[in-house]
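Here come two complexes built around subunit A, the first alongside subunit B, the second alongside subunit C.
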Partner chain A sequence: MNKLTAFIVDFWSYALKGSPKYYAWLGFLSLFMLVGVYTTYRQLTEGMILTGATDEITWELYISNFIFTAHIAAAAILVVIPAFMYQHKGMKDLAVLGEIIALGFVSTGILFVVYHVGRPDRLWHMIPGLGYFNFPNSMLDFDVIVLNVYLIINLVAAYFLLYRRYVDRPVHGFFYRYLIWLAVLWGPLIHIITSAVLASNARMYSWASAVLPFAFLSMAGASGPAIIIIVFLIIRKYTKLQIDNTVIDLLSQIILWSLLVLSLVFAAEFFTVLYPSTHHAASLKFNMFGHNGLDMYVPWFWLIMAAIFGSFAALLFPKIRKSYDLYLPIICVIVFLAVLIEKPVILVFPAFSPSPLGEYTQYYPTFIEYANVLAVWAFGFMTLTVTLKGAVGILTGEVKYIEKAADTVEDAVPAK
Partner chain B sequence: MSEDKKGMEAQELDDARREFLKHMGIAAGAVALASAPDAEAAVFQEWFQTHYELMSEQEKQEAIARLETRYSEEFGKKTTVSNAPALPGVLFGYALNIQKCIGCRTCVHACVEENNQSRYDPEIQWIKVLKMEKGNFSFSPDKLDKGYPESERLGDYGLQVGGNAYNSVGVSSETERYYEPETVPEDDSFYMPVQCHQCEKPPCVKVCPVRATFRDPSGVVVIDYNWCIGCRMCQLACPYEARRFNWGEPNLPKEEMNPKTHYYGNRPRMKGVMEKCTFCLQRTREGRNPACMEACPVGARKFGNLLDPQSEIRLILATKKVFRYKEEFNTYPKFFYFMD
Partner chain C sequence: MNFQNKSSKLALIVMWGLLITGLGKYGIAFSVEGEEAKAQAVQPVMDCHESRVNGTSVTRVEGVVPQYGYPNIKCSKKTGIVLWYGDPYDGTIPMGQMPAFNDDTKVDFVNAVVKPREPQLMYFNMDPDKHCAVCHNGETVPFPKNKKPRLLAMHQDVVEDSLQLQHGRGAIWCLDCHSAKNRNKLIDHQGSEISFNQPQKLCGKCHGEVYIDWRRGIHGKRSGAWATGGKKRWWVCTECHNPHTVQKHRFEPITPQPAPALPRGMKNADHERSEKHVP
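This part shows the complex of A and B:
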């Protein structure tokens, strides 16, 4: 049996084996995916009419969640940058985990975009050569390119490193180093381009703003390390992989300063819009105070602002940053949820009110929509869990290429 | 030399693509034909067709024939799908007299009947008529010394904001389009219909990822309904809210279907694609007027060739008080509003 087959077999057989808790988690996720199979079928056959989207609010929960997954995917570079730029030893081994997190979330994001499109069967129209690519006019085309390239870079980088570790060969060679540098450059790019998709619409006053890319990057800097800290704390607790405290400290510092930048960006935007208070301020005012009794987003706005400023203030205290078992994970969950919920209730839905002809509308997601969103998330977390499990096995040396081990695996696989 | 080579390569690539799709199309067609009726086979073959503008003459004929067969079968009557080209030397323009408009919405319904929109769940309308109040006269003398900020040293009459500021002094510019009065026009209101402005610099065309929507030679922005992927970027870009999406399968009763159609115009759409006003392409490319214009009972709507100095629309532009809606978006609409 050759080495590559052995790698695939060993990697996946380790990844799919675990404690009852592990299986319970996977079972929990597949529950949502099973419901999702039915609701996806409904949406594919009956159309987008089953979602809450209308001609007034044409973007649904799918695209809101897509923007969030782009945040997390881009944040993977925050694990990679310190490892290579500052030669942080603890980070170097963990860089691959960052790549896998990026991989998981960028594929989740692409799936969300497919749910958003009204005719997913016609997506081949975008394949250059077969279809027609409106390049370089359409920002969506840039986004498609950037996301898919990022997916490929991370796929190659992560599995290349894991394979090299598996067969016990040096990993920090020429090819890998440049691939990592490319990933580091590409991470912010998926963000900047995604913000361009929004900011290019002159009629959307709350999106056509120069601070949007910076808001996105700082939100990525906050929410990405938040989930990475949670993942690392879980890995540290349940597996043999050692993750140094300094790694967690560095990540919580990144969250802290990202939240500061985010607060400044919000302050700059709010001031510029609210001081003259022209029609550019209408969406923000609707978000902050409601309009003629339509106030669905008002409590969310203040809650999320409080969460962002509050988390920043809390993280200023070293005692909270060092509380690995209690306060730090709580703050991380708050930051993660605040940025996740910010997407629909601040960024996307209120931006559509007033519409260009002056209508104010609230968005009511449907069951089908919620079920599909949860199914896509479940799919994302499922691939993430399984891939991370396999990667941990390789990093700790539990999964290793041994001639003998390969033989036993071959024996275990029934001959066809 | 190098350009020649480039051209050849593009040609080869194009041929290869065409060949590939043809094989797939034939295979798929064969499968479908063996078991299913014509209409279903047509839908299946339509899936493989390329952008209409990129088709060869023969492919265009096949596509048209396929659609005619499918529509005739689906709606139980002989349906024609024209592919008449844009008229040469013509740039279409539209002018609307807001002084005359009485808000009766006859144009809205004439448009729906002509252009085969979905009739229920939901009814899709391409024209929106905005109702505006003629003026709000709720000035209050009690508020003359009110306002913000209130300060004893500088007086209490609002140095920055006067007390009547938030009371919609004069015309409020608040619009409503769901009005249902017994008779129109209402005394206290005036009306402003909005539809696709057929911009010379259309933001919707720029953002389309697959060029399914584009500006035709006579200045009308059209959509290839078979090429649209339903991403709705165009709807997001349009500052006039002119585009409508088929969120579900459109409901077009057989007896209400208009069998005289055009490929880029009023042929029945499918679910998950965008649609919009085309100045009734199926009529105007034959020298007729748009349905909304013919239907208007007060003659508020004028249509014509902007390149013809003798046309009525040119006379209006030269002699009336004309304005364009949302000029600040720099879209150069060819839809004008005017007053006598």
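This part shows the complex of A and C:
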């Protein structure tokens, strides 16, 4: 058996073995995926009519969730930056976990886009030459490029590092360092391009804003480290991998200051829109106060604003930041959910009202849509869990290449 | 969680059972909805009209467009008005000779088609060959001596009170448009006959501005090729306006179509009906 096959076999056999709790978690996720198989089949055969999308609101939960996964995927570089730019000792080993989190969420995001496409079998129309890749006119082209390149960078970087660690060879060489630099540069790019996809729609009052990329980046800075802290706390609790308190502290600091920037961005946007109160304020006013009694998004708006400002205020207290077992995870879950729910109920759905004809509408997701969204999330968390499990095995040294007695003469001859 | 435990095993079985039953129920609920929609679709509206009630009646005929199996028309269930054409030129004839003006109102009528008006006229079709002349032959009903308004004994369904013709405010009367000698035709100012299929020539003799607008495509309805000289169906004056009652109604009001369905999930549109207008 050569080293690469040994790596694959050892990595996955470690990743798929675990305690009953581990299997229960995977079983829980597979339940959603199983329902998702049926609902995906329905959507693929009967079409997007099964989603709640209407003429007025054409972006469903899929694309809302995609934007969120882009946040998390981009934020994973925040684990990498301290390790490689500031030589943070505790972070150095954990950088690969950041890569894996980016990998998991960027693939989840691409899957959401596939659901949003409706006819994924026609994606080949985008292949240059065979079809028509409307480059550089369409912003979606740039999004396709940045997302797929980010996926490949992280795929290569993560597995390259894991393999090198597995065979016990030095990791931080020329290739890896520049790949990491590329990933660090590319992370914010997936965000800026995604915000450009939205901001380029001049008709969408609340998207055509110059602060949108900053809102996205600061939301990434808040929600990304939130899920990373949760993942790290779980890893620390259930595996032998040591994660230093300083790492958690650094991440909670990042959340804190990202929330501050986010609050400033929101405040600047609200002031700029609401003070002149032109037609362009209509979407935001609908979101904040409703329109003649049509107010589905109003409580969500204030709840999420309260969650963002409240989490910022709470994290200012060192006691809460240091409460690794209770308050910090709670705040992290709140930040994560607030930014997740912000996507459909503040960013996407209210932005479609008023429509070009002046209609105000609300969005009602269907069962199929919810089931598909949950299935994609379940898939994302499952790949994330399994890959992280394997990675932890390699980082702790539980999974290691052991020179076995050569079965044949050929195997015994070292590679040239 | 320990799967060796009997109760957790039971819980798992119950969970799976609920899941499978739920999916089954969901599938059944959807298939019933589909059947109802199909049952509704098999009873189309057969007797329809265009533009106005009694203006142009059309009967739905299945399979007029054989390559697709389309009917000639599809009509509104509520108002009976034609909403969709399988073949927009079904039942049309060439518009016929039209005067050519060599100014900016010049229009190419070579490929223009119209729905003939004659089959739509009740009295015209009382006799298949002689048409109106079956009575108005000079003997059964003598030809009138002049165009002066007088009380008519017949046709009250077309003109209720012949002394109060609801067109022209007393300035014109029946025989300014209908030929006195040949009731199968209309007449122009010089006394030349005009076919019932070309009412635009008759109306144009007084309503010059609207006639020019109609020729240039500003007034009235037409469908077909957009390009100049392309095949196009033109709606003629009397398809929309009733010449015998225009003083009462310029345009006979038709029942409007029901409002379009609300976006999915929306229960009502009350928020659109507020007194306050919010931009």
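To be clear about the criterion, the second predicted complex is superposed on the first by the 404 of 416 C-alpha atoms of A that agree within 3 Å, B and C clash if a C-alpha of one lies under 4 Å from a C-alpha of the other, contacts with A are read in each partner's own complex, and residues count from 1 in each chain.
Everything that follows uses one rule, which is that a residue touches a chain if its C-beta (ideal position, glycine included) is under 8 Å from a C-beta of that chain, and two chains touch if they have at least 3 such contacts.
Fair warning: this is a prediction, and the values are worked out from it, not measured in the lab.
Enquirer: Once the two structures are overlaid on subunit A, check if subunit B and subunit C clash or fit side by side.
Expert: Once subunit A is superposed (C-alpha atoms), there is a clash between subunit B and subunit C.
Enquirer: Is A:H279 touching anything from subunit B or subunit C once the two structures are fitted on A? First, second, both or neither.
Expert: Only subunit C; A:H279 stays clear of subunit B.
Enquirer: Quick one: is A:D141 in contact with subunit B, with subunit C, with both, or with neither? Answer first, second, both or neither.
Expert: Only subunit B; A:D141 stays clear of subunit C.
Enquirer: Quick one: subunit B or subunit C, who's touching more of subunit A?
Expert: B
Enquirer: Between subunit B (first) and subunit C (second), which does A:F367 come into contact with in this model arrangement: first, second, both, or neither?
Expert: In the superposition, A:F367 touches subunit C alone.
Enquirer: Just to be sure I read the superposition right, which of the two partners does A:H125 touch: subunit B = first, subunit C = second, or both, or neither?
Expert: first
Enquirer: When the two structures are overlaid on chain A, which partner does A:W59 contact: first (subunit B), second (subunit C), both, or neither?
Expert: In the superposition, A:W59 contacts subunit B only.
Enquirer: Is there a shared patch on subunit A that both subunit B and subunit C touch, and which residues make it up?
Expert: Subunit A residues touching both partners: 54-55, 358-359.
Enquirer: Any idea which subunit C residues touch subunit A in the complex?
Expert: Residues 1-3, 15, 19, 23, 26, 263-266, 270-272, 274, 276, 278-279.
Enquirer: With touch defined as at the start, can you tell me which subunit A residues reach subunit B in the complex?
Expert: Listed in rising order, the residues are 46-50, 53-55, 58-59, 116-119, 121-123, 125-126, 129-134, 137-141, 144, 197, 200-204, 355-359.
Enquirer: Within their complex, state which residues of subunit A touch subunit C.
Expert: Listed in rising order, the residues of subunit A that touch subunit C are 20-21, 23-24, 31, 34-35, 38, 52, 54-57, 279, 282, 285, 291-294, 358-364, 367.
Enquirer: Report the residues of subunit B in contact with subunit A in the complex, numbered from low to high.
Expert: Within the complex, subunit B touches subunit A at residues 13, 17, 20-21, 47, 50-51, 54, 128, 130, 173-175, 177, 194, 203, 206-212, 227-233, 235-241, 243-249, 271-273, 326, 329.
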